[in-house]
Amino acid sequence: MVDIIEIIYLFILIVCSVAAVRMKDLLSSTVVLGAYSLVMAIIWMDLNAVDVAFTEASVGAGITTVLIIAALSRTTRGEYVPGIEERYKTRKARRLKNGALFIVTLCTFGVLVYGTMDMPNFGDPDAPARHHVADRYIEKSHEEVYVENFVTAILASYRGYDTLGETSVIFTAGVALMMLLRRSKS
Amino acid sequence: MDIGTIICGVLLFIGCFFILVASVGVLRFPDFFTRIHPAGKTDTLGQACVLIGLIFYEGFDFISLKLLIIVVFLLVVNPTATYALANAAFISGVKPWKKGDKRQ
Amino acid sequence: MMFGLAALAIVVAAIMVLYRGIKGPRVYDRLLAINSMGTKTVILIALIGYMYERPHFLDIALVYALINFIGTIAFLKYRETGRLD
Amino acid sequence: MSFILTFILMLIFWVLLSGHFGLILVVSAVIFSLLVAYLSHDLLLGGVGLSSLIIKSVRFIAYLPWLFWEILLANFEVIYITLHPGMKIDPEVIEFDPALKTDVGITILANSITLTPGTVTIEAGKKSGFKVHSLTKGADLTEMVTKVKWIEGEE
């Protein structure tokens, strides 16, 4: 059942990204990107990566939207690049551009697929990532850090700098909130 | 099968029905101000039904209290967001659809 | 099983709403659709938590509900005043 | 007064969310609740007396069952309209001034209208009055206005 939902959600993800690229109105594009983040967060949840889902929710759906809107409020809403029509005026030039883009995309896809070939299976208990430092965290974290929940111990102590960065992102979310709630002077 | 699970199933069914009908409404209605009716009302009730169903499944502990907080929050926030949307659209000059107009 | 079916129904509803979000025609229609998708996501997170029998996912659902609301309000403030600061 | 109330509310909220009672957790709960209460006590319950707050809360809770019944009826109406193949709608915008005095009253009325019989509030304010978008002609809101006025109390 979870698999079906996951496949549907991956499909929605593709639809969202294509729609966001194809839209002429940048504000609408931002709205659709918000939907993309929502879907992405669900997929992280499905993969049991709750903290990543958390960050995706606050960063993707929250701050990125606010930042893009702030940028749009300083610039314009429409999408117009002067000169781009002139550069690819002839049919041949346009076809050449599209062909080159297609080849680059195909190459990137091939490299990515090759990169996943020798990865362990999803959820494999003997994968190297699960035995590198995880055993030590599970056995020793209580003596070393004195925190009962060892996920918290890893996040807040062993990987403290990483979490510091993430927390500053959350802090930015808080600043954005203050920006919204502040009363305007006019 | 205890009684809580059965009530939960019934409420989940009703809630999902409401949410599906709300989505059909958002697709079918002719303009923005009519679309906001299913999105603001039926959706809210459907979501509340699903979450209350989960409360019945859970029984009474801290987790069901959290669910209750989410329900109350949704019931307060959804109409507020709906109002904010409708008000913004109205101020920026979106004309409400009248009978006989073309669908948008 | 029960939760899986409910989640499937909500995913179908999300697809229908997403169609409205992509089609538009106005930015408000899209915003309405995405806001409603956001609340569906909250429900879905709660349901997935019960599917995996880990109801602690509910914390995420709670935070998500808050963020969804803030995003919508930020958008509307921009539309109303033309700026955010 | 509002400071202490906010503090207690925040503390309850913390306990509900965490559910653990270790020493460090309780101390940090108290510290952060104090901080939040100090920073934002005028936002949540600005200038409301305790007795009127209790009276209003009790009246609001007494109002809720009627509201839920109305929400249920309204939803069946919307479902009927949505699933009817002919799409029998005839929208109109109603304007009226309910003459409410407090922000709380306006908020409750606006949200109740949005949740119930085929109507969505599109403008609400003390000066501008209410503008309501209705799916079908002849929506009746007088009963709801009287009930919200009763919650607000005679001041």
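By written order: A, B, C and D. Residues from 1 in each chain.
To be clear about the criterion, a contact is a pair of C-beta atoms (placed from the backbone, for glycine too) under 8 Å apart; a residue touches a chain by one contact, two chains touch by 3 or more.
Computed from a predicted model, the values in this text were never measured in an experiment.
Chemist: Report the most central chain, judged by the distance from each chain's C-alpha mean to the global C-alpha mean.
Modeler: That would be chain C.
Chemist: Calculate how many whole Å lie between the centre of chain B and the centre of chain C, each centre taken as the average of the chain's C-alpha atoms.
Modeler: 11
Chemist: Approximately how many whole Å separate the CA-defined centres of chain A and chain B?
Modeler: Here chain A and chain B have centroids separated by 28 Å.
Chemist: Where the centres are mean C-alpha positions, what is the separation of chain A from chain D, in Å?
Modeler: Taking the mean C-alpha position of each chain, the two centres sit 35 Å apart.
Chemist: Measuring centre to centre with CA averages, how many angstrom lie between chain A and chain C?
Modeler: Result: the chain centres lie 17 Å from each other.
Chemist: Can you list the residues of chain B that touch 2 or more other chains?
Modeler: Counting only residues that touch two or more other chains, chain B contributes 22, 24, 36, 66, 69, 80, 89.
Chemist: Give the residues of chain C touching no fewer than two other chains, as numbers and ranges.
Modeler: Residues 5, 14, 31, 33, 59, 62, 73 of chain C each touch two or more of the other chains.
Chemist: Quick check of your reading of the touch definition: is the inter-chain graph here a line, ring, star, complete or other?
Modeler: Here the contact pattern is a line, an open path with two ends.
Chemist: For the complex, give me every residue of chain B touching chain D.
Modeler: 18, 21-22, 24-25, 28-30, 33-34, 36-38, 40-42, 44-45, 62, 65-66, 69, 76, 79-80, 82-83, 86-87, 89-90, 96-99
Chemist: Using the touch rule from the top, collect the residues of chain B that touch chain C in their complex.
Modeler: Answer in residue numbers: 5, 8-9, 12-13, 15-16, 19-20, 22-24, 26-27, 32, 35-36, 39, 43, 47, 50-51, 54, 57-58, 63, 66-67, 69-70, 73-74, 77-78, 80-81, 84-85, 88-89, 91-92, 94, 104.
Chemist: So in the complex, the part of chain D that touches chain B is made up of which residues?
Modeler: Contacts found on chain D: 16-17, 19, 71-72, 74-75, 78-79, 82-83, 87, 89-93, 110-111, 114-116, 118, 120-124, 131, 133, 135.
Chemist: Under the stated contact criterion, what part of chain C meets chain A in this complex?
Modeler: Touch list, chain C to chain A: 1, 4-5, 7-8, 11, 14-15, 18, 21-22, 24, 27, 30-31, 33-34, 37-38, 41, 44-45, 48, 51-52, 57, 60, 63-64, 67-68, 70-71, 73-75, 77-78, 81-85.
Chemist: Per the contact definition, I'd like the list of chain A residues that touch chain C in the complex.
Modeler: Per the touch definition, chain A meets chain C at residues 1-2, 4-5, 8-9, 12, 15-16, 19, 25, 27-28, 31-32, 34-35, 38, 41-42, 45-46, 48, 50, 53-54, 57-58, 61-62, 65-66, 69-70, 72-73, 173, 176-177, 179-180, 184.
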